[in-house]
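Labels for the chains are A, B and C, by order of writing; each one numbers its residues from 1.
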Amino acid sequence: MNLYQPNLVRIDEIIEETADTRTLKLSFQDPEIAEGFDFKAGQFGEYSVFGAGECTFCIASSPTRKGYIEASFKSVGKVTQAMRRLNVGDTMGFRGPYGNHFPIDEMKGKNVVFIAGGIGLAPVRCVIWNTLDLRDQFKDLTIIYGARSVSDLVYKRELQEWGNRSDVKLYQCVDPGGETPDWTGDVCFVPALVEKAAPAPQDSYAVVCGPPIVISLTLPLLEKMGFAPERIYTTLENRMKCGLGKCGRCNVGPVYVCKDGPVFTSAQLKTLPPEY
Amino acid sequence: MEELRELAKKLLQEKQVNAVVGYECDRRGVRPAFVDDPAGCDRLVFDHRCVQNLPAYLSPRRTNVAGLGRLAVVVKQCDARAVAGLIRESQLKRENLVLIGVRCGGVAANPNESRELGAETLALRCYGCSGTETAMADYVVGEPKTVPAAGGDRDARLAEIEKMSPEERLALWKEWLSRCTRCHACRQVCPMCFCERCVAEKTQPNWIESSPHIQGNFSWNVTRALHLAGRCVDCGECERACPAQIPLGLLNRKLAKIMSARYGFAVTDDPSTPAPIGSYRLDDGQEFIL
Amino acid sequence: MMRRMLSRTDLDALVRDLLGAGTRVIAPVRRKVQGREFVEYAPVQNPEEIALDGSQPVRPLKQVVFPPTETLFNYKQDKGLVQIQEAPTTFSDTLVIGARPCDAAALEIVDRVMDWDYHDEFWFGHRQATTVVAVACTDSDESCFCTAVGLSPESTRGADWLLIPAGSSFEVRVVTPKGEALLESNKSRCPESDVPEAGKASSAVEEKVRANLAMNPAKLQEWLGAHFEHPLWQKIALRCHGCGACAFVCPTCHCFDIVDELEGVGRGARRRNWDACQPALFTLHGSGHNPRKDQSARFRQRVMHKFSIYPSRFGEILCTGCGRCIRVCAAGMDLIAILAEIGQNAEEAGSTL
């Protein structure tokens, strides 16, 4: 089996997140691979629909949950549209895990602030569950999440669950105009919600993911609030094909996002040209 | 040459344009030049090595060239056909552009030609050209010149292929098109390939297989040729740019002959001539409609 | 000093032997397409087709080990169930005769990325099956600049044998164990002789190439690292058409795309195809966002990847100075002139870097 040949996975469950976003729960068909498969929070994979092609997503489930992986995706291009046409029981391909990961071990004993916008919650959700499943090893956990509108919020069931837990603080917002009459969260943009939540920077790590605008406003804001740039983490979403450092597509300056990333600190991003 | 440089200088000094697109000498021959300060105008040249079709830089997809602002462009009469084509297809407004027409005595097949212009070096597209300047020009520079006599019949190579049986023709094109690696140089240098997203890049559906295997290559090259029927300005840049040495000009030339025979259309630098694809006449041939 | 010599007649006999044994032989051959004459690497059936006169093949050798399109695997699909048929990663024996030193060196340079943590079985499958006999250059043109990137018209990098033309014969330099094996089976054809060194012709070529470009790669790399933003990029890229011609004729460019293609109902193939960093589509996100927003960003990437990114990552310049990108460019983009200009900037920047 060569590098580019995927393992076969079965779609066990399809979760409708929003009108155009779904989560697929996948399990490896080969029991040996299922048994041996392991990954770290933040790593990604190449998911494929045979006949349509491959697409790059982070693994949205937590490495603490064994036996399956999850991918959340918005239907935009050829492959994601094809993924949308698949049913439970259908076969897909998966290559991975690739790339680096969030420093979960380093975060132990510290506060962790999770900040996400829109579908950017997918890679963050992986870390959220990873820390929640090891809850007693972390100090305060804070989740700050916003989307364009109420209908654009992903992982609604989980948001509810996190909101109900006493060991995690959840702040939610939707952009002005995106609220519904029964919306109880805030109506503002993500950076404003971060300011409102005012997470303590001492002894804290931040994990940020979202559209470019959220990233570019939130990282400096966190630094202004006192977070160390070395402790603010995000993931880059450059276009990739191989995921293996060969195809030459994901360079940002000297960096190969697929090999050196996708997880970077705010301090690292400052040394890179703005090609992401 | 002085006339051209002085004119360019004047246009820049008077701020009539922000930049002049012309030709300059490089290490090996002649290449396109983008001059945005009057002092740089002394770089401009025009001679038989000025092969490139500069209106290719006017297509709206050239965002960095568009970023220069209002342009003056040096055009040979044949190049002006591309300007006319872009105007005809609403890609360009004539008033947003200054055209410097050059009197041209024919050009060589490639811009690094060190020999004099003659029957041996003359570009195919210059065969039979009268060398007159374009009527579209705002300014005309240079002395009247005569295009050297052609080295033969321009369509000799096409006639040879037309004599072949369909099987022989298929074999020949298979051999040639199997060389294509889909670098898309043919498309990128073409002034009329201005689509925002080329059909070759569409994936839903994937009309044209992107792999450079024989079916993908036929699909791409034939689609491109057909899309240029009645639109190709016959500059030959696609064939010159092709790193796989595929005689792409033959396809365009064949279609131009068909367009002429069936619709009486010949490529022209008159923008008011309607595009055959965009016009309908009662006497258009309709025998292909079942 | 004793040297091994191989006459053209014996070279032809060697080729005939190999062809007879079923080895694929690739060599520069002369082509004429509709009046255009050129030389290219192609499979030969007969040693007489081989052109070793020094004309540079218009396209590089890379397609022998990195085909423009390569099937990664085939699959069959029935009611949502998929079966994969693996693609072979071992290939039949190939002998390349008459590789240009710049083309041979490129293979070794690209080995680095193809073996970076993940071993690309296709690339190395082809590499293993291929024996490369390079021929020292007896001619060069104004686009050659191998000497500026640490190579020479007589470089043995990436070659298993290097043949140095000496009259109607060649001096044989055996470079690798694979080359030793080739010599072993052809020893009688390569007698030892005490003819004087054949380096004279190529040293004249080397002088000629040197005159095209002098470059300080370390300084260049340093300048590039510090000048991601510089007006030069905008200026240079204006004339670039944004096609992939330079990359596709480059012996070291190795970027690729991966696509699925149907081959009938319920079956298809996943392929990798050559790709290039110059077209806008290369980095376009599904959302419509493009991190490399215009041609200057894309052209900068090409220069950066070759002279800054790859050297810092793998200790090698991703360029062998073959000059094909210069010869092939319809817009007259001239890497020699560009490197010279950057080099001058680097000199002027001096210690202020």
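The rule is simple: a residue touches a chain if its C-beta (ideal position, glycine included) is under 8 Å from a C-beta of that chain, and two chains touch if they have at least 3 such contacts.
Everything numeric here is computed off the predicted structure, so don't read it as measured data.
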Most remote chain, CA-based centroid, reference being chain B: A
Of A-B and A-C, pair with higher C-beta contact tally: A-C
Chain B and chain C, separation of their C-alpha mean positions in angstrom: 31
Whole-Å gap separating chain A and chain C, where each centre is the average of the chain's CA atoms: 39
Separation of chain A from chain B, taking each centre as the mean of its C-alpha atoms, in whole Å: 48
Contacts with two or more other chains, residues of chain A listed in rising order: 77
Contacts with two or more other chains, residues of chain C listed in rising order: 257, 259
Where chain B touches two or more other chains, by residue: 206
Touching residues on chain A, where the partner in the complex is chain C: 1-6, 8, 48-54, 74, 76-77, 80, 86-87, 89-91, 93, 211-212, 237-239, 241-242, 244-249, 251-254, 256, 259, 273-276
Touching residues on chain B, where the partner in the complex is chain A: 203-204, 206
Residues of chain B touching chain C in the complex: 26-34, 52, 56-57, 62-65, 67-68, 111, 157, 176, 181-185, 187-189, 201, 206, 209-213, 216, 237, 240-241, 243-247, 250
Contact footprint of chain B on chain A as seen in their complex: 77-78, 81
List of chain C residues in touch with chain A within their complex: 72-73, 75, 77, 80-82, 84, 86-87, 89, 113-114, 116-122, 225, 228-229, 254-260, 262, 268, 270, 272, 275, 277, 282-287, 289, 291-292, 297, 301, 304-305, 308-309, 312-313
